[in-house]
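So, here come the structures, one by one.
Each of the next two complexes has chain A plus one other chain: chain B in the first, chain C in the second.
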Partner chain A sequence: MTEQQQKTKCITLKGSAELVKQYLLYGINNILYQRGIYPPETFEPAEHFGLCILMSTNLQIVNFFNVVLSQIQEWLIQKKVRKVTLIISNVNTKEVLEKWDFKIDYETELSNGKGDGNLSDIGTKDIKTIQKEIREVIRQITGTVSFLPLLDCLCSFDILTYTIPECDTPKEWDETSPVFIANSQEVQLRTFSTSLHKMETIVSYKNT
Partner chain B sequence: MDEQNRTNINKTIKDSYQRSSSSNILSLQRDSVRRSSIASDNDETFLETPKRQKLDDSSNGTSSHNIAESVPGSPWEWRRMRGEIIALKTRLSHQEVQQLHKVRREIEEIFQKEKKILEIQVDQDKQMIKQLELRIDVGRRTIQDAKATQNQAERELIQVKSKLEQKILALLDDNNRLSEELRGYVRNEGKTDANESNKDSEDKVAELNEKLEASNNRISELEEKLKEARSVQQKYEVQCIEVQSLKVKLQNFESEKIGWEEGKKFAQRASQANEFERELYQAREIIKSLRESIKGKLLLEEQMSSMEHRLKHTENLEKEVSQLEIQRAELLSKITEYETIGITGGPIAIRREINRLQHAEALLTADEGQLRSRVESIQRELINYQQQCEDTKKSLTETTTSHERLTRFISRLQKKMSLDSYRQQLDTYEKEITGYQSGEVSNIISERIPALERAIESYRDLVAKLESDLEAVDGGGQREECKKLREEVERLRNEFEHRALKGDFNINSRILHFKMNPAAIAEQQAEEKRKALLEEVEQLRTIVASGSHTGIPTVSSLQMQELSELQQKHELKITRLKEAFKASSHEYRQACYQLFGWRVDRTKESQYKLSSQYAESPDDYLFFIVNEDGVNMIETPFSATLTTLIERHLQRQHSVPMFLNAVQSELFDQQTVLT
Partner chain C sequence: MSHLKYMKELNNLTRMDEAIKGPVPRWQKKCLESSNSSSSNLGLNTSRKAMSTSITSNSNTSIGKTPKKGVEIRNSKKTPLKGSKKSPSRSTTPAKTPCGGDRFIPARSTTNFELGYYKLQQQNTEQEGNKTECSSPSKREMQRLIGENLHGGDVNNMRVLSYQNKAPAPPEGYQNPLRVVYSQTKTPASVKSSTRYIPQAPDRILDAPEIVDDYYLNLVDWSASNILAVALGSNVYLWNAGSGTIEQLFELEGNDYVCSVAWIQEGPYLAVGTTVGNTELWDCSQMKRVRVMGGHSARVGSLSWNSHILTSGCRAGQIVHHDVRQREHLVSTINAHAQEVCGLKWSIDGKYLASGGNDNMLQIWPCMAGQNYSHAQPIYSLNQHQAAVKALAWCPWQNHILASGGGTADRTIRFWNCNTGACLNTIDTKSQVCSLLWSTTYKEIVSGHGYAQNQLTIWKYPAMNKVAELTGHTSRVLHLAMSPDGTTVLSAGADETLRLWKCFQPDPHKKKETTEVKSVASRLKQCIR
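== the complex of A and B ==
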């Protein structure tokens, strides 16, 4: 963050990863609120990126985000993560009803080959524009409520991280199988880029 | 059958004709009956005709019935005959009724005529009686006059008699007086001197003799008068007797006259009575016959109605029979159909068959579902393939464009090459031309041209060969291979993109997630809950199986909890409501008390105790019952002191509010006076 505040208008990989992590945090919180996974009274509004975003106050969820997203941030810096997926599933039937894919592309990868967490990567994009892009994506996420099907059952969520095969499994983490939604409908949202990370957001939902 | 039908038809026609003719005869007979009734002479024929009629009708009916039974012919014929029968019967009944009406009308006319004649006679008799009465009145008047004259005469007679008696009495008195005087004189004469007395006596005797003579004359006159009076009396008596005899005679005459008249009347009546009796007899007979005919008619109508009923019934039956036959035929056809299909075991077999078919259907539906799912999957694949196809098309267009470019390039190259060769040739030509400019140019040219043309031909062949070679080398296998590879690449890329979009990132990546994620926790909780519920279900099942309902119905702990929570909530609600209600009701009552000055207590349902703000003691209260009948006041010690107000406001004005106001004002006055 300190590096972002420099007047050189440049962004480091770390800062980019931090931004991506923030995007994931706010985006996922927004989704949880908008999709009604948890009761609305457990959310509190907070201002981020010039947007009023409702953040969960459930301690369990907050801790979960802390652990998972900091790990993802680490992996982002190491360029180990390829995709982060938020799945919303029915608790009783374990059926996956909705899937939010956050695909991450490393824009330095082309020139760098296989990135090994080179900290010297520096982007040239203005942080304001990045934030504007993120804001637009989050607005779009809020707008998805209009077409996504109503979740009329008890639901819960999970975050899956798609990493490169060489990645180690940290403590308290586990490997799992990919998730599919049969007969799904996909909607691609806006893409934003930090000039180091390119984030695509795709929502898949059960086509009824 | 046809012949039979025809004969039957002929028969029916004949019968109908006969019937119509018989009806004509009947009408004729009825005419005669009418005539006879008018004449009222021939009673027997009149009595017999309706019976004959009835017989004819019955015979007709039976014959028609027989015909109807004997004719099984076509239904059309049947209906036609039946229609005819009905029409004829209706005509018959109409005619009968009309005839009966006519007869009755004529009888009534005759009766009226006779009645008029009799009335006229009665009027004449009345006039006669009036004349006679007038005569009797005249006679009576003469009798009265006679009586009056008689009375007068009698009165005169009595007057005359009384006068005469008075006169007689007066004369007798005179006589007595005179005789006494005479005796006195005689005595006096005896006493007195004989001389004197002689002379005097002689004078006196003479006087007395004269007087005697006068009185004797008078007496004789009076006797004559008496005789006359007696004769007059006798005459009067004779007259009286005569009058009486005349009266008797008059009475006799009157009685005779009345008797004569009565006799005359009786005679007339007797003469008329015979006629009347005869007519009555005739009329009764007519009525009897009419009644019988009506009875017969009613019987016929009943028969008719019964016949109609039966007819309808039979028609209905026929219809039903025909319907049933149709149904039977349908059913037979169905059965045959079934039999043709090969199901011969009846409905059970059909049911079995149906069951089998249903089973098969269920299987087929299951298959269908599977197939549908497969179809859907295939469709999805198809869509994918279509996309691929589009991509390949795109690539094809690209390749074609590249190919065109290449061909253009080749042609350009060819042109270039030919141009080069031409240029060389031209150079050689120029050289040659410069060489052979002097001599036989035309000859050389003529020689050279075909040679050159040949050379061109050979060059062209060479070019074609080279082109074909080029194509063989450049295109051919390699190009096709390239195309194929490109297509495959496109397809794979599409698939890859699609799968990537779907989330199948099954390429070179590990999928990691935090163990204690919310979904897992929630699932675990759900699982635990389910297990607990299952255990509870098991427990309940064992309880139900053991059948011990003695204990407390073991409601599940969760339910219990929920229920207790609900109960608590409701109790809280109720207490709150109660408090709210109490507060509001208290406020309301307080407001009422302050505004109206009455504290209203509801002791029981629809019973209200009113105690005033200005009451002297708390025992001073009024008691009311308010129900559907209105407001009733119940006596209290306080109300006993308010008799005047009760009388004024309740008994006279019937207004409870006014009464209460009056009570209030009175109490207020009392208090203010006291204070």
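== the complex of A and C ==
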């Protein structure tokens, strides 16, 4: 985002993908902290989107995010990714206990039906407004602790990326199968939009 | 009926000599109607006698047609037929019945129930069969849609990719710290039932609108002269527990609200801590402010008196001793806590000051020899609590015993011997401890709790068996206060109610005994010192 762009209140596809990536990074870290998946002492507060978000300091986790999210960002620019899913599963039984779906819609595709993956796509939404929307979603994520069931076992997480079929698998990536939670309850959180990407966040958890 | 007409015509023709021209007389008309003679346009002057004969002849013929019917039935048959134009089926059925007026009685022998039933059922199953055949494509469509919804798109049109190097699992043996917040089991109540009757319902409920739902404040105090001071938002109200009258002491201006109230041990003076950091002193007998004392940079959330010394704790973590008699009221300022001071209590004999902070610390300050204020260095800094320490209470019969309770992440009540600094006992209450009070009547302590039950628990000391649980608040209990006679406990809840519990009513039979025990204890104490 150059100053010029900020003044004219527009956002490029690249910038939009960057914002979505940041949302995923901070949102997922927030989930990991709020749901108590890793010890709270391995998190450190970071200021972002005008919020204080606790970020994991575990090197392996940080690296994991670096690799996965930059790949997702690339796919976002190419409009190849449809959905990103965070899975929280029991380490021992591998049972999926909780699922966070981040659905991505390409708004340029919706409006003019082109979607040619052109880098010159430009949205017309103020970055402040976008950040405010993201902030609200992240706050909601924090608030979900009040209704989500306790994860009373060792849990690990994984990130699945749902892409279009024409997407080729990069090195060290694997094709897997989608996951389900039997007898699940779903809660849709707020939606935010960068005017290029529209992000829906949905949490599903085991209904006990 | 044509045959009837025909017969009449025939009859009339045979009596040609009696024919009279002109309209039929009224009585004849009537007669015709009553006998159900079909038409008046026959124009025949028939005498009554002739009519009757004609009918008899008629009936005779009909009898001849249906041999099984009696004469009485003939009438019943005819009447419905002619008079009201009943449907043919109705008219024929009564004809079949041997003696039944116009009731419909089906003949069971002629109906085949089994066949009828079979036919009905067959029809139903056929319909159902049709239905499933028809709906199955739509069902399939539905299932497809559900699948799409689950996956957020057609699965077959998507690839699900994941990075091979997975994120590490949390360290072995790690437990979710949220367990503390989620697990809310009742602590087992004591097996030994108390012989004392404790009413489970509050004696009275008072409204406390706009009471600030803040764990760190101290908004309720009950004076020795039986007046309860309650801070509701920016107002302070005085409730006379004896007469039940309510007076408004004052209202703060602007966005300020009252953060703490504390009565002097004796007398009508009430200390009030405010958001701006002032400590005000009010003479409640005259409803007048006596003085305003500064000394804090943040809100004053806790106050405690030790004769003429008023000790106040503020959000910034300082503790200030004010000598309310002097013009220069500031006696000493102590940087006591890293965060807000939410609990502050002088011991009953004035030897120790206990302070609890949001930094999870409990500090014990010794009293300066010959003075009523404390040293600037604590004798004990106790860090065993895992959350803010707000609930503090000194034991009335053992002056060096302090009870302290921790917040949501801690949920324990701890007992300290302040002569040695040792933790005597600790008990997990499974809920945030908002307030603690010792009974002066029994060897018991009452604690006010938050989520999940918002109850008051009465514990036997020192065994810490549960004596009673008083539930009723719909939100956490914020503050507790005890009546000067020690019988009633007042609880102020975040549900904006004040509830009065008569849980320490003295037992008339045991009263003597307890006083004896007390006196023995005090004598012992004197011997030791």
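As a working rule, the second predicted complex is superposed on the first by the 197 of 208 C-alpha atoms of A that agree within 3 Å, B and C clash if a C-alpha of one lies under 4 Å from a C-alpha of the other, contacts with A are read in each partner's own complex, and residues count from 1 in each chain.
Here, a residue touches a chain if its C-beta (ideal position, glycine included) is under 8 Å from a C-beta of that chain, and two chains touch if they have at least 3 such contacts.
Source: prediction; values computed, not measured.
After superposition on chain A, the partners chain B and chain C collide with one another. Shared-chain residue A:K94: touches chain B; no touch with chain C. Shared-chain residue A:T176: touches chain B and chain C both.
Of the two partner chains placed around the shared chain by superposition, chain B and chain C are both touched by A:D158.
Of the two partner chains placed around the shared chain by superposition, chain C is the only one that A:P39 touches, whereas chain B remains out of contact.
When both complexes are overlaid on chain A, the residue A:I122 reaches neither chain B nor chain C.
Of the two partner chains, chain C is the only one touched by A:L150; chain B is not.
After superposition on chain A, the stretch of chain C that runs into chain B among 63-71, 153-161 or 369-377 is 153-161. Looking at chain A, you'll find residues 60-61, 64, 67-68, 71, 82-83, 91, 101, 103, 154, 156-165, 167, 169, 172-178, 180 touch chain B in one structure and chain C in the other. If you check the complex, the residues on chain A that touch chain B are 60-61, 64, 67-68, 71, 82-83, 85, 87, 89, 91-92, 94, 99, 101, 103, 154, 156-165, 167, 169-170, 172-181, 183-184, 186, 188, 202, 204.
On chain A, the positions that touch chain C within their shared complex are 35-40, 58, 60-61, 64, 67-68, 71, 82-83, 91, 101, 103, 145, 149-152, 154-165, 167, 169, 172-178, 180. Taken together, the chain C residues at the contact with chain A in this complex read 150-153, 155, 157-172, 174, 176-179, 181-183. By the touch criterion given at the top, residues 376, 500-506, 508-523, 525-526 of chain B touch chain A in their complex.
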